[in-house]
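Here the structure is laid out as C-alpha coordinates; the discussion comes afterwards.
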Amino acid sequence: MSATDWLVLLSLAGTAVFAINGALTAIQAARLDIVGVITLGTITALGGGVLRDVLLGIHPPEGLADWRFLVTALVASALVFMVHKPLARLVRWVTVFDAAGLSLFSITGTLTALHAGASPLLSIILGATTAVGGGTFRDLLTSRVPQILTSDLYAIPALLGAGGTWVFWALGWHHPLAYLAAGAACFGLRMVGVRYKLHAPRVQV
Amino acid sequence: MSATDWLVLLSLAGTAVFAINGALTAIQAARLDIVGVITLGTITALGGGVLRDVLLGIHPPEGLADWRFLVTALVASALVFMVHKPLARLVRWVTVFDAAGLSLFSITGTLTALHAGASPLLSIILGATTAVGGGTFRDLLTSRVPQILTSDLYAIPALLGAGGTWVFWALGWHHPLAYLAAGAACFGLRMVGVRYKLHAPRVQV
Amino acid sequence: MSATDWLVLLSLAGTAVFAINGALTAIQAARLDIVGVITLGTITALGGGVLRDVLLGIHPPEGLADWRFLVTALVASALVFMVHKPLARLVRWVTVFDAAGLSLFSITGTLTALHAGASPLLSIILGATTAVGGGTFRDLLTSRVPQILTSDLYAIPALLGAGGTWVFWALGWHHPLAYLAAGAACFGLRMVGVRYKLHAPRVQV
(Lines give C-alpha, C1' and ligand atoms only; values in the text may rest on other atoms or scores of the structure.)
Protein backbone atom coordinates (compact mmCIF):
# COMPACT_ATOMS: atom_id res chain seq x y z
CA MET A 1 0.00 0.00 0.00
CA SER A 2 1.15 3.52 -0.74
CA ALA A 3 1.55 6.15 1.97
CA THR A 4 -1.71 7.75 0.83
CA ASP A 5 -3.55 4.44 1.12
CA TRP A 6 -2.32 4.10 4.69
CA LEU A 7 -3.42 7.63 5.48
CA VAL A 8 -6.91 6.94 4.13
CA LEU A 9 -7.08 3.64 6.03
CA LEU A 10 -6.12 5.30 9.32
CA SER A 11 -8.67 8.07 8.68
CA LEU A 12 -11.41 5.53 7.96
CA ALA A 13 -10.56 3.66 11.17
CA GLY A 14 -10.68 6.94 13.12
CA THR A 15 -14.00 7.76 11.45
CA ALA A 16 -15.48 4.40 12.48
CA VAL A 17 -14.38 4.55 16.14
CA PHE A 18 -15.55 8.16 16.53
CA ALA A 19 -18.90 7.28 14.93
CA ILE A 20 -19.27 4.41 17.40
CA ASN A 21 -18.31 6.74 20.24
CA GLY A 22 -20.78 9.42 19.16
CA ALA A 23 -23.62 6.96 18.64
CA LEU A 24 -22.99 5.28 22.00
CA THR A 25 -22.88 8.70 23.67
CA ALA A 26 -26.21 9.54 22.06
CA ILE A 27 -27.80 6.34 23.37
CA GLN A 28 -26.17 6.57 26.78
CA ALA A 29 -26.64 10.24 27.46
CA ALA A 30 -29.62 11.36 25.51
CA ARG A 31 -31.70 8.35 24.41
CA LEU A 32 -32.17 9.80 20.95
CA ASP A 33 -34.16 8.22 18.14
CA ILE A 34 -32.48 6.57 15.15
CA VAL A 35 -32.02 9.85 13.28
CA GLY A 36 -30.52 11.52 16.33
CA VAL A 37 -28.13 8.62 16.93
CA ILE A 38 -26.94 8.56 13.31
CA THR A 39 -26.67 12.36 13.16
CA LEU A 40 -24.65 12.59 16.36
CA GLY A 41 -22.44 9.64 15.39
CA THR A 42 -21.77 11.12 11.94
CA ILE A 43 -21.03 14.62 13.23
CA THR A 44 -18.68 13.20 15.89
CA ALA A 45 -16.91 11.17 13.23
CA LEU A 46 -16.62 13.81 10.51
CA GLY A 47 -16.72 17.09 12.46
CA GLY A 48 -13.02 17.38 13.28
CA GLY A 49 -11.84 16.73 9.75
CA VAL A 50 -14.48 19.01 8.24
CA LEU A 51 -13.44 21.84 10.59
CA ARG A 52 -9.77 21.29 9.63
CA ASP A 53 -10.58 21.34 5.91
CA VAL A 54 -12.74 24.47 6.21
CA LEU A 55 -9.85 26.23 7.98
CA LEU A 56 -7.35 25.00 5.36
CA GLY A 57 -9.66 25.95 2.51
CA ILE A 58 -10.13 22.38 1.19
CA HIS A 59 -13.53 22.35 -0.59
CA PRO A 60 -15.61 20.36 -0.19
CA PRO A 61 -14.11 18.85 2.98
CA GLU A 62 -12.68 15.35 2.43
CA GLY A 63 -15.09 13.81 4.95
CA LEU A 64 -18.02 14.99 2.80
CA ALA A 65 -16.50 14.72 -0.67
CA ASP A 66 -15.15 11.16 -0.34
CA TRP A 67 -18.11 8.83 -0.05
CA ARG A 68 -16.05 6.26 1.88
CA PHE A 69 -15.92 8.53 4.94
CA LEU A 70 -19.58 9.47 4.78
CA VAL A 71 -20.69 5.86 4.35
CA THR A 72 -18.35 4.60 7.10
CA ALA A 73 -19.75 7.17 9.53
CA LEU A 74 -23.38 6.53 8.60
CA VAL A 75 -23.07 2.72 8.66
CA ALA A 76 -21.09 2.55 11.92
CA SER A 77 -23.63 4.84 13.62
CA ALA A 78 -26.58 2.86 12.26
CA LEU A 79 -25.00 -0.43 13.37
CA VAL A 80 -24.65 0.89 16.92
CA PHE A 81 -28.34 1.79 16.89
CA MET A 82 -29.41 -1.59 15.55
CA VAL A 83 -27.24 -3.93 17.61
CA HIS A 84 -26.84 -1.80 20.72
CA LYS A 85 -28.25 -4.44 23.06
CA PRO A 86 -25.44 -6.93 22.42
CA LEU A 87 -23.24 -3.83 22.42
CA ALA A 88 -24.50 -2.73 25.83
CA ARG A 89 -21.20 -3.72 27.38
CA LEU A 90 -19.50 -1.50 24.83
CA VAL A 91 -20.85 1.55 26.60
CA ARG A 92 -18.10 1.01 29.14
CA TRP A 93 -15.66 1.29 26.25
CA VAL A 94 -16.81 4.74 25.10
CA THR A 95 -13.61 6.22 26.50
CA VAL A 96 -11.43 3.71 24.66
CA PHE A 97 -13.12 4.38 21.32
CA ASP A 98 -12.71 8.08 21.96
CA ALA A 99 -8.98 7.68 22.73
CA ALA A 100 -8.51 5.58 19.59
CA GLY A 101 -10.20 8.21 17.43
CA LEU A 102 -8.16 10.94 19.14
CA SER A 103 -4.92 9.12 18.29
CA LEU A 104 -5.77 8.25 14.69
CA PHE A 105 -7.05 11.72 13.87
CA SER A 106 -4.08 13.47 15.51
CA ILE A 107 -1.89 11.60 12.97
CA THR A 108 -4.03 12.05 9.88
CA GLY A 109 -5.02 15.63 10.73
CA THR A 110 -1.40 16.71 11.11
CA LEU A 111 -0.33 14.98 7.89
CA THR A 112 -3.23 16.51 5.94
CA ALA A 113 -2.28 19.99 7.15
CA LEU A 114 1.41 19.43 6.32
CA HIS A 115 0.50 18.16 2.84
CA ALA A 116 -1.62 21.29 2.36
CA GLY A 117 1.45 23.42 3.04
CA ALA A 118 0.66 24.63 6.56
CA SER A 119 3.51 25.61 8.89
CA PRO A 120 4.64 23.12 11.58
CA LEU A 121 2.96 25.12 14.39
CA LEU A 122 -0.31 25.38 12.47
CA SER A 123 -0.16 21.72 11.39
CA ILE A 124 0.21 20.54 14.99
CA ILE A 125 -2.67 22.78 16.11
CA LEU A 126 -4.88 21.62 13.21
CA GLY A 127 -3.89 18.00 13.88
CA ALA A 128 -5.04 18.35 17.48
CA THR A 129 -8.13 20.24 16.25
CA THR A 130 -9.01 17.35 13.95
CA ALA A 131 -8.69 15.00 16.91
CA VAL A 132 -10.76 16.99 19.39
CA GLY A 133 -13.14 18.75 16.96
CA GLY A 134 -15.71 15.99 16.46
CA GLY A 135 -16.06 15.39 20.19
CA THR A 136 -16.42 19.12 20.78
CA PHE A 137 -19.33 19.34 18.31
CA ARG A 138 -20.83 16.24 19.98
CA ASP A 139 -20.67 17.93 23.38
CA LEU A 140 -22.00 21.27 22.14
CA LEU A 141 -24.97 19.57 20.43
CA THR A 142 -25.85 17.68 23.61
CA SER A 143 -25.52 20.83 25.77
CA ARG A 144 -22.40 19.77 27.66
CA VAL A 145 -19.24 21.78 28.34
CA PRO A 146 -16.76 20.21 25.88
CA GLN A 147 -14.28 17.63 27.11
CA ILE A 148 -11.51 19.71 25.56
CA LEU A 149 -12.07 22.32 28.28
CA THR A 150 -12.87 20.16 31.28
CA SER A 151 -11.38 16.73 30.86
CA ASP A 152 -8.01 16.02 32.39
CA LEU A 153 -5.34 15.17 29.83
CA TYR A 154 -7.45 15.31 26.69
CA ALA A 155 -5.88 18.07 24.59
CA ILE A 156 -2.34 17.24 25.76
CA PRO A 157 -2.35 13.68 24.32
CA ALA A 158 -3.77 15.08 21.08
CA LEU A 159 -0.95 17.64 20.91
CA LEU A 160 1.57 14.87 21.71
CA GLY A 161 0.26 12.72 18.85
CA ALA A 162 0.26 15.70 16.47
CA GLY A 163 3.72 16.85 17.59
CA GLY A 164 5.15 13.32 17.30
CA THR A 165 3.69 12.97 13.82
CA TRP A 166 5.37 16.22 12.79
CA VAL A 167 8.73 15.08 14.21
CA PHE A 168 8.67 11.87 12.15
CA TRP A 169 7.51 13.79 9.10
CA ALA A 170 10.32 16.35 9.52
CA LEU A 171 12.85 13.53 9.96
CA GLY A 172 11.63 12.00 6.72
CA TRP A 173 10.43 8.81 8.44
CA HIS A 174 7.27 8.43 6.40
CA HIS A 175 6.67 4.80 7.33
CA PRO A 176 3.19 4.24 8.75
CA LEU A 177 4.71 2.51 11.79
CA ALA A 178 6.51 5.73 12.73
CA TYR A 179 3.26 7.66 12.67
CA LEU A 180 1.47 4.89 14.51
CA ALA A 181 4.11 5.19 17.24
CA ALA A 182 3.14 8.86 17.65
CA GLY A 183 -0.51 7.80 17.77
CA ALA A 184 0.30 5.12 20.32
CA ALA A 185 1.96 7.71 22.56
CA CYS A 186 -1.24 9.79 22.34
CA PHE A 187 -3.42 6.76 23.10
CA GLY A 188 -1.19 5.62 25.98
CA LEU A 189 -1.03 9.03 27.65
CA ARG A 190 -4.79 9.47 27.28
CA MET A 191 -5.59 6.04 28.79
CA VAL A 192 -3.04 6.43 31.61
CA GLY A 193 -4.63 9.79 32.36
CA VAL A 194 -8.11 8.23 32.46
CA ARG A 195 -6.97 5.24 34.54
CA TYR A 196 -5.06 7.19 37.19
CA LYS A 197 -7.19 10.32 37.01
CA LEU A 198 -4.15 12.42 36.17
CA HIS A 199 -4.83 16.05 35.50
CA ALA A 200 -3.11 19.13 34.20
CA PRO A 201 -2.25 21.88 36.70
CA ARG A 202 -5.36 23.67 37.89
CA VAL A 203 -5.88 27.20 39.06
CA GLN A 204 -5.11 27.57 42.76
CA VAL A 205 -7.79 29.85 44.16
CA MET B 1 -39.33 33.93 -14.84
CA SER B 2 -36.17 31.91 -15.38
CA ALA B 3 -35.28 28.85 -13.29
CA THR B 4 -32.72 30.95 -11.41
CA ASP B 5 -35.33 33.59 -10.60
CA TRP B 6 -37.56 30.89 -9.16
CA LEU B 7 -34.72 29.53 -7.09
CA VAL B 8 -33.98 32.98 -5.66
CA LEU B 9 -37.67 33.57 -4.97
CA LEU B 10 -38.02 30.28 -3.09
CA SER B 11 -34.85 31.06 -1.13
CA LEU B 12 -36.14 34.51 -0.20
CA ALA B 13 -39.43 33.00 0.96
CA GLY B 14 -37.53 30.45 3.06
CA THR B 15 -35.39 33.24 4.48
CA ALA B 16 -38.45 35.24 5.50
CA VAL B 17 -40.29 32.37 7.20
CA PHE B 18 -37.17 31.22 9.07
CA ALA B 19 -36.48 34.80 10.19
CA ILE B 20 -40.05 35.03 11.51
CA ASN B 21 -39.60 31.66 13.23
CA GLY B 22 -36.29 32.68 14.82
CA ALA B 23 -37.60 36.05 15.96
CA LEU B 24 -40.78 34.52 17.42
CA THR B 25 -38.66 31.88 19.19
CA ALA B 26 -36.51 34.65 20.65
CA ILE B 27 -39.55 36.50 21.98
CA GLN B 28 -41.32 33.36 23.16
CA ALA B 29 -38.39 31.54 24.76
CA ALA B 30 -35.89 34.14 25.77
CA ARG B 31 -37.53 37.59 25.88
CA LEU B 32 -34.55 39.17 24.17
CA ASP B 33 -34.18 42.87 23.37
CA ILE B 34 -34.52 44.20 19.81
CA VAL B 35 -30.90 43.40 18.90
CA GLY B 36 -31.21 39.87 20.24
CA VAL B 37 -34.46 39.29 18.36
CA ILE B 38 -33.03 40.57 15.06
CA THR B 39 -29.76 38.68 15.56
CA LEU B 40 -31.48 35.39 16.34
CA GLY B 41 -33.99 35.84 13.50
CA THR B 42 -31.22 36.61 11.01
CA ILE B 43 -28.97 33.73 12.09
CA THR B 44 -31.93 31.32 11.93
CA ALA B 45 -32.74 32.59 8.44
CA LEU B 46 -29.25 32.67 6.96
CA GLY B 47 -27.34 30.10 9.03
CA GLY B 48 -28.21 26.99 7.04
CA GLY B 49 -27.32 28.49 3.69
CA VAL B 50 -24.12 30.06 5.03
CA LEU B 51 -23.02 26.69 6.46
CA ARG B 52 -23.77 25.01 3.10
CA ASP B 53 -21.78 27.62 1.18
CA VAL B 54 -18.82 27.43 3.58
CA LEU B 55 -18.74 23.65 3.08
CA LEU B 56 -19.03 24.02 -0.70
CA GLY B 57 -16.40 26.75 -0.79
CA ILE B 58 -18.72 29.49 -2.10
CA HIS B 59 -17.22 32.80 -0.86
CA PRO B 60 -18.68 34.92 0.46
CA PRO B 61 -21.81 32.85 1.19
CA GLU B 62 -24.82 33.85 -0.92
CA GLY B 63 -26.85 34.79 2.16
CA LEU B 64 -24.25 37.42 3.03
CA ALA B 65 -23.13 38.47 -0.43
CA ASP B 66 -26.59 39.04 -1.91
CA TRP B 67 -28.15 42.02 -0.11
CA ARG B 68 -31.67 40.74 -0.83
CA PHE B 69 -31.22 37.84 1.62
CA LEU B 70 -29.62 39.96 4.31
CA VAL B 71 -32.29 42.66 4.03
CA THR B 72 -35.15 40.13 3.97
CA ALA B 73 -33.83 38.47 7.14
CA LEU B 74 -33.22 41.76 8.95
CA VAL B 75 -36.56 43.33 7.97
CA ALA B 76 -38.65 40.23 8.71
CA SER B 77 -37.02 39.90 12.15
CA ALA B 78 -37.47 43.60 12.92
CA LEU B 79 -41.13 43.45 11.83
CA VAL B 80 -41.75 40.59 14.26
CA PHE B 81 -40.25 42.67 17.05
CA MET B 82 -42.30 45.74 16.18
CA VAL B 83 -45.70 44.22 15.57
CA HIS B 84 -45.45 41.20 17.82
CA LYS B 85 -48.54 42.10 19.82
CA PRO B 86 -50.91 41.72 16.90
CA LEU B 87 -48.71 38.76 15.99
CA ALA B 88 -49.13 37.16 19.41
CA ARG B 89 -51.38 34.54 17.89
CA LEU B 90 -48.61 33.77 15.43
CA VAL B 91 -46.55 32.24 18.23
CA ARG B 92 -48.78 29.20 17.83
CA TRP B 93 -47.62 29.07 14.23
CA VAL B 94 -43.92 28.86 15.01
CA THR B 95 -43.97 25.20 13.98
CA VAL B 96 -45.68 25.95 10.68
CA PHE B 97 -43.18 28.67 9.76
CA ASP B 98 -40.40 26.28 10.69
CA ALA B 99 -41.85 23.51 8.48
CA ALA B 100 -42.24 25.97 5.58
CA GLY B 101 -38.61 27.07 5.88
CA LEU B 102 -37.51 23.45 6.15
CA SER B 103 -39.30 22.60 2.90
CA LEU B 104 -38.16 25.61 0.90
CA PHE B 105 -34.53 25.31 1.99
CA SER B 106 -34.41 21.56 1.34
CA ILE B 107 -35.23 22.39 -2.31
CA THR B 108 -32.93 25.37 -2.77
CA GLY B 109 -30.08 23.87 -0.74
CA THR B 110 -30.07 20.69 -2.81
CA LEU B 111 -30.21 22.61 -6.11
CA THR B 112 -27.40 24.94 -5.04
CA ALA B 113 -25.18 21.96 -4.17
CA LEU B 114 -26.01 20.21 -7.46
CA HIS B 115 -25.25 23.39 -9.42
CA ALA B 116 -21.90 23.61 -7.58
CA GLY B 117 -21.02 20.15 -8.84
CA ALA B 118 -21.52 18.13 -5.66
CA SER B 119 -22.37 14.42 -5.91
CA PRO B 120 -26.02 13.31 -5.43
CA LEU B 121 -25.29 11.92 -1.93
CA LEU B 122 -23.51 15.09 -0.82
CA SER B 123 -26.16 17.32 -2.46
CA ILE B 124 -28.96 15.61 -0.55
CA ILE B 125 -27.02 15.85 2.72
CA LEU B 126 -26.17 19.52 2.10
CA GLY B 127 -29.79 20.20 1.08
CA ALA B 128 -30.97 18.77 4.38
CA THR B 129 -28.16 20.67 6.16
CA THR B 130 -29.36 23.93 4.62
CA ALA B 131 -32.86 23.14 5.88
CA VAL B 132 -31.94 22.21 9.45
CA GLY B 133 -28.79 24.35 9.88
CA GLY B 134 -30.40 27.67 10.77
CA GLY B 135 -32.63 26.10 13.40
CA THR B 136 -29.65 24.23 14.85
CA PHE B 137 -27.70 27.48 15.29
CA ARG B 138 -30.85 29.03 16.83
CA ASP B 139 -31.08 26.19 19.36
CA LEU B 140 -27.35 26.22 20.18
CA LEU B 141 -27.40 29.98 20.77
CA THR B 142 -30.35 29.68 23.13
CA SER B 143 -28.76 26.75 25.02
CA ARG B 144 -31.17 24.08 23.85
CA VAL B 145 -30.41 20.62 22.47
CA PRO B 146 -31.07 21.07 18.73
CA GLN B 147 -34.37 19.93 17.27
CA ILE B 148 -32.41 17.93 14.69
CA LEU B 149 -31.36 15.52 17.45
CA THR B 150 -34.48 15.40 19.58
CA SER B 151 -37.51 16.28 17.54
CA ASP B 152 -39.55 13.51 16.03
CA LEU B 153 -39.56 13.51 12.27
CA TYR B 154 -37.52 16.63 11.67
CA ALA B 155 -34.48 15.46 9.72
CA ILE B 156 -36.44 12.81 7.81
CA PRO B 157 -38.79 15.31 6.10
CA ALA B 158 -35.76 17.44 5.22
CA LEU B 159 -34.06 14.41 3.65
CA LEU B 160 -37.29 13.58 1.81
CA GLY B 161 -37.50 17.10 0.38
CA ALA B 162 -33.82 17.03 -0.61
CA GLY B 163 -34.05 13.54 -2.07
CA GLY B 164 -37.21 14.38 -4.03
CA THR B 165 -35.56 17.49 -5.39
CA TRP B 166 -32.63 15.41 -6.59
CA VAL B 167 -34.94 12.88 -8.26
CA PHE B 168 -36.70 15.60 -10.27
CA TRP B 169 -33.36 17.20 -11.11
CA ALA B 170 -31.93 13.86 -12.28
CA LEU B 171 -35.06 13.25 -14.37
CA GLY B 172 -34.57 16.62 -15.99
CA TRP B 173 -37.86 17.97 -14.65
CA HIS B 174 -36.59 21.43 -13.87
CA HIS B 175 -40.01 23.03 -13.61
CA PRO B 176 -40.49 24.86 -10.31
CA LEU B 177 -43.72 22.92 -9.72
CA ALA B 178 -41.78 19.63 -9.68
CA TYR B 179 -39.46 20.95 -7.01
CA LEU B 180 -42.37 22.44 -5.08
CA ALA B 181 -43.93 18.96 -5.04
CA ALA B 182 -40.80 17.65 -3.30
CA GLY B 183 -41.02 20.53 -0.84
CA ALA B 184 -44.73 19.84 -0.29
CA ALA B 185 -43.89 16.22 0.60
CA CYS B 186 -41.38 17.51 3.16
CA PHE B 187 -43.92 20.00 4.56
CA GLY B 188 -46.69 17.42 4.67
CA LEU B 189 -44.62 14.75 6.41
CA ARG B 190 -43.32 17.28 8.93
CA MET B 191 -46.82 18.59 9.78
CA VAL B 192 -48.34 15.09 9.94
CA GLY B 193 -45.51 14.15 12.31
CA VAL B 194 -46.21 17.17 14.51
CA ARG B 195 -49.98 16.64 14.45
CA TYR B 196 -49.96 12.94 15.29
CA LYS B 197 -46.77 12.99 17.35
CA LEU B 198 -45.18 10.42 15.06
CA HIS B 199 -41.63 9.56 15.85
CA ALA B 200 -38.72 7.66 14.40
CA PRO B 201 -37.73 4.37 16.07
CA ARG B 202 -36.15 4.94 19.46
CA VAL B 203 -33.59 2.96 21.36
CA GLN B 204 -35.20 0.20 23.41
CA VAL B 205 -33.31 0.10 26.71
CA MET C 1 4.65 52.80 10.21
CA SER C 2 2.54 51.94 7.20
CA ALA C 3 -1.24 51.61 7.33
CA THR C 4 -0.87 47.80 7.22
CA ASP C 5 1.53 47.87 10.19
CA TRP C 6 -1.02 49.85 12.17
CA LEU C 7 -3.76 47.41 11.27
CA VAL C 8 -1.65 44.45 12.44
CA LEU C 9 -0.72 46.28 15.64
CA LEU C 10 -4.38 47.01 16.45
CA SER C 11 -5.29 43.39 15.69
CA LEU C 12 -2.53 42.10 17.96
CA ALA C 13 -3.71 44.41 20.77
CA GLY C 14 -7.27 43.15 20.29
CA THR C 15 -6.00 39.57 20.30
CA ALA C 16 -4.16 40.12 23.59
CA VAL C 17 -7.07 41.77 25.43
CA PHE C 18 -9.57 39.15 24.22
CA ALA C 19 -7.17 36.34 25.25
CA ILE C 20 -6.90 37.92 28.72
CA ASN C 21 -10.69 38.24 28.84
CA GLY C 22 -11.25 34.61 27.78
CA ALA C 23 -8.65 33.25 30.20
CA LEU C 24 -10.03 35.31 33.10
CA THR C 25 -13.55 34.13 32.23
CA ALA C 26 -12.30 30.54 32.29
CA ILE C 27 -10.76 30.97 35.74
CA GLN C 28 -13.65 33.00 37.11
CA ALA C 29 -16.53 30.98 35.75
CA ALA C 30 -15.31 27.48 35.24
CA ARG C 31 -12.07 26.89 37.19
CA LEU C 32 -10.53 25.08 34.26
CA ASP C 33 -7.05 23.54 34.21
CA ILE C 34 -4.15 25.13 32.33
CA VAL C 35 -5.12 23.58 28.98
CA GLY C 36 -8.72 24.70 29.37
CA VAL C 37 -7.67 28.25 30.28
CA ILE C 38 -5.29 28.53 27.31
CA THR C 39 -7.79 26.94 24.93
CA LEU C 40 -10.63 29.23 25.98
CA GLY C 41 -8.38 32.31 25.93
CA THR C 42 -7.08 31.46 22.46
CA ILE C 43 -10.51 30.70 21.00
CA THR C 44 -11.90 33.94 22.46
CA ALA C 45 -8.98 35.85 20.96
CA LEU C 46 -8.89 34.28 17.50
CA GLY C 47 -12.47 33.05 17.00
CA GLY C 48 -13.99 36.25 15.64
CA GLY C 49 -11.27 36.81 13.05
CA VAL C 50 -11.22 33.16 12.03
CA LEU C 51 -14.99 33.21 11.49
CA ARG C 52 -14.68 36.39 9.40
CA ASP C 53 -11.92 34.89 7.26
CA VAL C 54 -13.82 31.63 6.74
CA LEU C 55 -16.83 33.64 5.54
CA LEU C 56 -14.65 35.80 3.28
CA GLY C 57 -12.80 32.76 1.93
CA ILE C 58 -9.36 33.78 3.29
CA HIS C 59 -7.40 30.50 3.77
CA PRO C 60 -5.93 29.74 6.13
CA PRO C 61 -7.43 32.43 8.39
CA GLU C 62 -4.98 35.18 9.31
CA GLY C 63 -5.24 34.39 13.02
CA LEU C 64 -3.93 30.87 12.33
CA ALA C 65 -1.61 31.57 9.42
CA ASP C 66 0.29 34.46 11.00
CA TRP C 67 2.28 33.08 13.96
CA ARG C 68 2.21 36.47 15.70
CA PHE C 69 -1.51 36.18 16.41
CA LEU C 70 -1.31 32.57 17.54
CA VAL C 71 1.66 33.25 19.82
CA THR C 72 0.09 36.43 21.25
CA ALA C 73 -3.10 34.54 22.10
CA LEU C 74 -1.29 31.53 23.59
CA VAL C 75 1.18 33.62 25.64
CA ALA C 76 -1.41 36.09 26.95
CA SER C 77 -3.67 33.19 28.04
CA ALA C 78 -0.77 31.31 29.65
CA LEU C 79 0.34 34.46 31.50
CA VAL C 80 -3.13 34.89 32.96
CA PHE C 81 -2.99 31.31 34.22
CA MET C 82 0.45 31.72 35.74
CA VAL C 83 0.13 35.11 37.41
CA HIS C 84 -3.58 35.12 38.10
CA LYS C 85 -3.17 35.66 41.83
CA PRO C 86 -1.61 39.11 41.45
CA LEU C 87 -4.14 39.50 38.63
CA ALA C 88 -7.05 38.60 40.89
CA ARG C 89 -8.12 42.22 40.91
CA LEU C 90 -8.18 42.09 37.12
CA VAL C 91 -11.23 39.87 37.24
CA ARG C 92 -13.19 43.04 37.92
CA TRP C 93 -11.81 44.35 34.65
CA VAL C 94 -13.08 41.50 32.50
CA THR C 95 -15.70 43.83 31.06
CA VAL C 96 -13.14 46.48 30.21
CA PHE C 97 -10.87 44.03 28.39
CA ASP C 98 -13.91 42.77 26.55
CA ALA C 99 -14.93 46.30 25.51
CA ALA C 100 -11.37 47.03 24.34
CA GLY C 101 -11.29 43.89 22.21
CA LEU C 102 -14.75 44.70 20.86
CA SER C 103 -13.57 48.15 19.76
CA LEU C 104 -10.26 47.08 18.23
CA PHE C 105 -11.77 44.16 16.32
CA SER C 106 -14.70 46.20 15.03
CA ILE C 107 -12.07 48.43 13.33
CA THR C 108 -9.76 45.73 12.00
CA GLY C 109 -12.57 43.35 11.04
CA THR C 110 -14.29 46.02 8.97
CA LEU C 111 -11.06 47.08 7.25
CA THR C 112 -10.13 43.46 6.47
CA ALA C 113 -13.53 42.88 4.86
CA LEU C 114 -13.30 46.12 2.86
CA HIS C 115 -9.78 45.20 1.66
CA ALA C 116 -11.15 41.80 0.59
CA GLY C 117 -13.69 43.57 -1.63
CA ALA C 118 -16.83 43.08 0.46
CA SER C 119 -19.71 45.54 0.10
CA PRO C 120 -20.17 48.26 2.75
CA LEU C 121 -23.17 46.46 4.33
CA LEU C 122 -21.33 43.13 4.48
CA SER C 123 -18.13 44.79 5.73
CA ILE C 124 -19.96 46.43 8.63
CA ILE C 125 -21.69 43.14 9.51
CA LEU C 126 -18.43 41.18 9.26
CA GLY C 127 -16.64 43.89 11.29
CA ALA C 128 -19.20 43.50 14.06
CA THR C 129 -19.01 39.70 13.65
CA THR C 130 -15.24 39.83 14.16
CA ALA C 131 -15.82 41.85 17.31
CA VAL C 132 -18.50 39.67 18.87
CA GLY C 133 -17.50 36.28 17.39
CA GLY C 134 -14.77 35.27 19.83
CA GLY C 135 -16.93 36.06 22.84
CA THR C 136 -19.81 34.12 21.31
CA PHE C 137 -17.63 31.00 20.92
CA ARG C 138 -16.42 31.54 24.52
CA ASP C 139 -20.02 31.61 25.78
CA LEU C 140 -21.13 28.61 23.69
CA LEU C 141 -18.18 26.52 24.92
CA THR C 142 -18.98 27.34 28.55
CA SER C 143 -22.72 26.61 28.06
CA ARG C 144 -23.96 30.16 28.42
CA VAL C 145 -26.40 32.06 26.24
CA PRO C 146 -24.08 34.39 24.28
CA GLN C 147 -23.70 37.99 25.39
CA ILE C 148 -24.56 39.04 21.85
CA LEU C 149 -28.15 37.93 22.44
CA THR C 150 -28.65 38.90 26.06
CA SER C 151 -26.31 41.68 27.02
CA ASP C 152 -27.56 45.22 26.86
CA LEU C 153 -25.78 47.35 24.31
CA TYR C 154 -23.21 44.84 23.12
CA ALA C 155 -23.89 44.43 19.41
CA ILE C 156 -24.87 48.09 18.97
CA PRO C 157 -21.45 49.46 20.00
CA ALA C 158 -19.80 46.90 17.72
CA LEU C 159 -21.97 48.07 14.82
CA LEU C 160 -21.17 51.69 15.70
CA GLY C 161 -17.42 50.97 15.61
CA ALA C 162 -17.74 49.06 12.34
CA GLY C 163 -19.98 51.71 10.79
CA GLY C 164 -17.70 54.54 11.89
CA THR C 165 -14.70 52.72 10.45
CA TRP C 166 -16.50 52.39 7.13
CA VAL C 167 -17.41 56.10 7.11
CA PHE C 168 -13.75 57.13 7.57
CA TRP C 169 -12.66 54.58 4.98
CA ALA C 170 -15.24 55.85 2.47
CA LEU C 171 -14.16 59.44 3.14
CA GLY C 172 -10.56 58.43 2.42
CA TRP C 173 -9.40 59.27 5.96
CA HIS C 174 -7.08 56.31 6.30
CA HIS C 175 -5.16 57.75 9.25
CA PRO C 176 -5.09 55.34 12.19
CA LEU C 177 -6.38 58.11 14.46
CA ALA C 178 -9.58 58.32 12.43
CA TYR C 179 -10.20 54.62 12.86
CA LEU C 180 -9.28 54.80 16.52
CA ALA C 181 -11.95 57.48 16.91
CA ALA C 182 -14.53 55.00 15.60
CA GLY C 183 -13.18 52.41 18.02
CA ALA C 184 -13.32 54.93 20.87
CA ALA C 185 -16.99 55.57 20.10
CA CYS C 186 -17.62 51.82 20.33
CA PHE C 187 -15.66 51.56 23.59
CA GLY C 188 -17.38 54.61 25.08
CA LEU C 189 -20.90 53.50 24.21
CA ARG C 190 -20.20 50.01 25.54
CA MET C 191 -18.80 51.27 28.86
CA VAL C 192 -21.57 53.87 29.30
CA GLY C 193 -24.05 51.07 28.70
CA VAL C 194 -22.38 48.87 31.32
CA ARG C 195 -22.07 51.72 33.85
CA TYR C 196 -25.64 52.97 33.60
CA LYS C 197 -27.21 49.63 32.73
CA LEU C 198 -28.64 51.06 29.53
CA HIS C 199 -30.47 48.62 27.36
CA ALA C 200 -31.97 48.35 23.93
CA PRO C 201 -35.79 48.28 23.67
CA ARG C 202 -37.21 45.03 24.95
CA VAL C 203 -40.32 43.15 24.01
CA GLN C 204 -43.37 44.39 25.92
CA VAL C 205 -45.35 41.30 26.83
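Think of it as A, B and C in the order they're written, each chain with its own count starting at 1.
Note that a contact is a pair of C-beta atoms (placed from the backbone, for glycine too) under 8 Å apart; a residue touches a chain by one contact, two chains touch by 3 or more.
For clarity, every value in this text was computed on a predicted model and none was experimentally measured.
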_For the identical-sequence pair chain B and chain C, what's the CA-based rotation angle in degrees, nearest 5?_
120
*asked:* Regarding the chain A and chain C pair, does the interface count as same (over half of residue numbers shared) or different (under half shared)?
replied: different
*Distance from the CA centroid of chain A to that of chain C, rounded to the nearest Å?*
30
_Can you list every residue of chain A that touches 2 or more other chains, as numbers and ranges?_
54, 57, 140, 143
_Quick check on the complex: what are the chain B residues that touch chain A?_
54-57, 118-119, 121-122, 125-126, 136, 140, 143-146, 148-150, 152, 154-156, 199-205
*asked:* Residue numbers of chain A touching chain B in their complex, please.
replied: 26-27, 30-37, 39-40, 50, 54, 57, 59-61, 64-65, 67, 70, 81, 84-85, 140-143
